[in-house]
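Working notes, beginning with the structure itself.
For reference, chains read A, B, C and D in written order, and residue numbers begin at 1 within each chain.
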Amino acid sequence: MSLNTVTSTRMQTTVRPLHAELGLTDEKAIELYRLMLLARALDERQWILNRQGRQAFVISCQGHEAAQVGSAAALRPGVDAMVPYYRDLAAVVAFGASARDTVFEALSHPEGPWSGGRQMPSHFGSPRLRILTGGSSVATHIPHATGAALAALRRGEESVVIAYFGDGATSKADFHEGINFAAIQKLPVIFFCEDNGYAISVPLARQSSVPCIADRAAAYGVPGVAVDGTDVLAVHQVTSKAAERARGGDGPTLIDAKCVRLTPHSSDDDHSRYRSREELAAERARDPIPRYQAYLREHELIDEEAERRIRVDIADQIETALQEALAGALDPSTATRHVFKDAPTPTLGEGPG
Amino acid sequence: MSLNTVTSTRMQTTVRPLHAELGLTDEKAIELYRLMLLARALDERQWILNRQGRQAFVISCQGHEAAQVGSAAALRPGVDAMVPYYRDLAAVVAFGASARDTVFEALSHPEGPWSGGRQMPSHFGSPRLRILTGGSSVATHIPHATGAALAALRRGEESVVIAYFGDGATSKADFHEGINFAAIQKLPVIFFCEDNGYAISVPLARQSSVPCIADRAAAYGVPGVAVDGTDVLAVHQVTSKAAERARGGDGPTLIDAKCVRLTPHSSDDDHSRYRSREELAAERARDPIPRYQAYLREHELIDEEAERRIRVDIADQIETALQEALAGALDPSTATRHVFKDAPTPTLGEGPG
Amino acid sequence: MAVKTLIEAVNEALREEMERDPSVIVLGEDVGVHGGVFRATEGLQKEFGAERVIDTPLAELGIAGIAIGAAMNGLRPVAEIQFADYIHPAFDQIVNEAAKIRYRSNGAFSCPIVVRAPFGAGVHGGLYHSQSVEALFYHVPGLKIVIPSTPYDCKGLLKASIRDPDPVMFFEHKKSYRRVKGDVPEGDYTVPLSVADVKREGTDISVITYGVGVHLALEAAEKIEAEAVSVEVLDLRTIVPMDKEAIARSVSKTNKVLVVHEDNKTGGVGAEIAATIAEDHFEELDGPVLRVAAADTHIPYAPTLEEAVIPNVDDVLAALRRLAAY
Amino acid sequence: MAVKTLIEAVNEALREEMERDPSVIVLGEDVGVHGGVFRATEGLQKEFGAERVIDTPLAELGIAGIAIGAAMNGLRPVAEIQFADYIHPAFDQIVNEAAKIRYRSNGAFSCPIVVRAPFGAGVHGGLYHSQSVEALFYHVPGLKIVIPSTPYDCKGLLKASIRDPDPVMFFEHKKSYRRVKGDVPEGDYTVPLSVADVKREGTDISVITYGVGVHLALEAAEKIEAEAVSVEVLDLRTIVPMDKEAIARSVSKTNKVLVVHEDNKTGGVGAEIAATIAEDHFEELDGPVLRVAAADTHIPYAPTLEEAVIPNVDDVLAALRRLAAY
């Protein structure tokens, strides 16, 4: 209903709205918002579970949703591959991960698709969704993305690989060696930095000698693109461009998306120790969700009623998943399995998760 | 004698020769040449010892002498510190290492000042000369230079630290992490790359995605200076500038000196497997020694007779050292010493070596 | 004497050594303003300034490499690796550089660094916040390894490590940080490296252990006393160089040995201890040298799974009973 | 059957596996045009192209990390580390990533890589071209370790390693590359992992060893035969997972064990072998489990010094005589 109204009114406006300029249908533009809301709701729910003593550890995507959804949605699920890090809940959700997947891992359910309770929450990995498994080490997955892109090329798949990592990760060996090789071989990789200005308590100025991570691209002769990571459409635009470039055989791009970290580093952290009230308030003002909501409202793509329906549906998904997840219990005798192969392993695009 | 002539004639010339422009006395300009010749002679002699079966391993500075002497001579021995790699014979010679030091290590004499026969030849290290000990691993010493500069600053010494490394080393973790920290802290370090276009058989194009190593400086917000590494005066000039900058508290500089590798990688290598005759001939034509000789002749700083005297003196030094070195024999019972402290250890500026 | 936690002992040792010796610096991730994710360096940057308490970039290789270079030029750096699980990126700098500097320079250079890292399981940290890493450095000549089990030992051993002329790996069990309390004297004292400590005297069986293993052993020893088995608990404290005399004394006294550590079994430190005893004390042994250690797996996150792989008091008791039967 | 060297066996295995399986690629420093500093990859780039035989930048961490990522996306990378001494920069990728990928993903992902590296002393390479590194990976769950002693085993084991679904560390003793020759059949065959091989039957003493240790042991066994001592030589071939049944068989037969490896003694693989025997075969032992290994130092360059620290045939003989006396 409301959508029709929206469309019709849009007909009369002279300048086309940005999402249309970017070739996104109204439905797609709304879907991006739904994904952001779903990730945010899943994230907020985990903090409640943590306070309830049901989830020992939480690490958030809050403030990164636009960067993650905007970029992941610019790729092709089922074709392209993702190498995320712990903060990428919204990215994996945009790549097809469900509320159930998330909640099952949050509560260490044996059927958790990413680790079955073996890893902390938000340690993603799904052959089916073409999301590589990751550990907790910062930056070690960056050369994995390079290797996965090399493999895709050798195997004649025309898939693009996106690696996500934080600003702190760019200080590390793996960043340097991973990008250098990808650039030399012109591999189809997108190196996507979610720069939230902090590595736990360490501000970017103590982390990097250049204020803009995009400047690091010059060392590898690849494009370095800085983008407002709270602007989902802007991120979608630059990522699409990087993906085209990768598919065209022109090699990697380094994207530097300036995000905000709206929560402490993790449930173990207390950011009041190193961030001022003023600074935190300023960050809040850059929350990507109200920003995109405003855009959708302005262009009459969504109204209160439509948004309410989306939020209710999300709440239902999470509730259902929670009820199911709370039932599951792990079998201690499985703890020693999978050190070496004791079951067949699928390849990307197949199998569980 | 000849020097007087030279000076007097120079008086009449209108434009001042480059070395004078750089504030180098004629004596100093000639001394640079002597150091290059000494290093070259020591290097060539080691290949003979190798063919004679007296020295198991040789690794050369041939083609790098101008880069090494030009840079090392721009620093202050006894004040500044050096973190060299295996190819830096001319650099350590310019920092005060003698023919005797070199020959003793070449022949694994127990009194070899750098390792006493524990390491391969050309593995330098002398507290007295402020040259840090190095192993054989590529690039691992780069963060050591950063750390040594941090220590100098904390201890109130106003010394500059220069780290030497090859083009291949810039691909490695240690380069990235070592420079990043130095740049953030604005430490007094000079990162000096001796770019000879190869890492054993791997050409720069397979090593780095940027054709010019100096471009890597942009990632750290430090000056990246490319210089002809076969031009000793040009190298001296850029290194002096970098040293001033370091002393001034403005932080590190990355110097990219384009050198030629006139020998195989080492005595274990056969470069005809991967370099064409034409290429090798072209490199020969860029030998830094004849080039500087021509400069000195042009400006009448040296004549055949003066050069002969220098060469004879160098040959004598090497002969004397060789006779002495061949006498020495290692005591097997010392092989297990120095795993942990079993003797007092000096600090930079003191002690043996 | 005040009762303090293990983490307080670490903090106190660092503060006192920085006051005593201006060449001591601390560097690592979040060690400055934040005071460390476990608060080991709490207040140090305020007191000694950002020049001596340095927040580094997220780069363990660099942290170690920079500490090594600084040590070769007159400082005594104490590098914090935020979790032992993240020491592996620094492995090359520690193993190929720090450990070899004195040897390769024929004694002309030394590398007096301390690398501190919280290690060990039991806090539901999963594969990357639970590792024991001592066995990975144990085999490398030129590295000393220290693992304290009590706050008193911790303060004294850390001070001795900072003053030691060689590289010292100092591992602190993170589960013990706040749970293990004990008397810690104010002011300066050291506990010498390479001296083991009999934490409990006994006559029937020797438990040779370190770190949390000491607490498992003591608890098991109490319990089995009821069964008239007298257990001696030897806390190695320094893993390399190991106090072989103390081991010899205990073995000749009890003639039965159980080695306990939380690290997984195969190729763990316990292997060398057992092998040494089998080699040097064969005639004295009345029974096999047993080992209690974690399963040869990684450490999973979920408590149910984690508890299934790491050793507990019952495992120690079972092994003691087996030995008692000999 | 042609007589081939160890390095020829490596080259042949690589070529045949690349022909057999298009997902096999080779990457490393100088492996392409140059054919490797030891010529292990000679001719492969010509035959299979620069897309499958890749000259990488000088970056071991990257080599391992890229191999791991490629393995997770369907390739079977064989990464060459130019010298085992330079594997340490890749330690984190191998230990924290490759070894844990299957476990952490609950079996959803695997990491079928082979990391090849020449290792060992005796070629006057000094501290950085002589290291044995097997003990540094031995303790880590999730890694297999293979060390061939003959060209026949080398070809068969390397092929089996490339086909293995888990990460395999494949270490080739560089001194054996051209000195050790033996029959190598043309064409395809594999030698299964985790199966030890009795290289010499004997009844009095078991020497449990691998790599060059096998050759030291065989030579010593010949010599001591004159003294009416019958020595069995068991070549482990695969270090992890170890063939414990073969060890048990040999120990129950001879009741005396000598462990030999070139790596330094403390915390070496020999420690676990000795500890396992002391634990599981205590009642069967007629004497201590002895170990012959290198001194706990680094490997110096000068021959006089190097020979002083690495084990030789006389060391093995002396240990055998000591055991024979029991």
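Things to note:
In this section, a residue touches a chain if its C-beta (ideal position, glycine included) is under 8 Å from a C-beta of that chain, and two chains touch if they have at least 3 such contacts.
None of the values given here were measured: they were computed from a predicted structure.
More C-beta pairs touch across one of B-C and A-C than the other; that pair is B-C.
Across the assembly, the mean Cα position most removed from that of chain D is the one of A.
Look at where the CA atoms of chain A average out and do the same for chain C: the two points lie 38 Å apart.
Between the Cα centres of chain C and chain D there is a gap of 30 Å.
For the pair chain A and chain B, the distance between mean C-alpha positions equals 48 Å. The set of chain A residues that touch two or more partner chains comprises 115, 118-119, 123, 135, 137, 171-174, 177, 180, 184, 206-208, 339.
Each of the following residues of chain C touches two or more other chains: 56-57, 59, 61-62, 85, 89, 92, 96, 100, 103-104, 127-128, 141-142, 296-298. Of all the residues in chain D, the ones that touch chain A in their complex are 23, 25, 51-52, 54, 56-57, 59, 61-62, 64-75, 77, 89, 92-93, 96-97, 100-110, 141-142, 144, 165-166, 241.
Every residue of chain D that touches chain B in the complex is listed here, in rising order: 29-30, 32-35, 37, 55-59, 61-62, 85-86, 89, 124-129, 295-298, 300-302, 304-309. Residues 56-57, 108, 115, 117-120, 123, 135-139, 168-169, 171-173, 199-202, 206-208, 268-269, 273-274, 329-336, 339 of chain B are the ones touching chain D in the complex. Considering their complex, residues 61, 85, 88-89, 91-92, 95-96, 99-100, 103-104, 127-128, 135-136, 138-142, 240, 263-264, 266-275, 277-280, 282, 285, 287-291, 296-298 of chain C touch chain D. Within the complex formed with chain C, the chain B residues making contact are 81, 83, 112-116, 118-119, 123, 125-127, 132-133, 135, 137, 140, 142-152, 154-155, 173-174, 177-178, 180-181, 184-185, 337-343, 345-348, 351-353.
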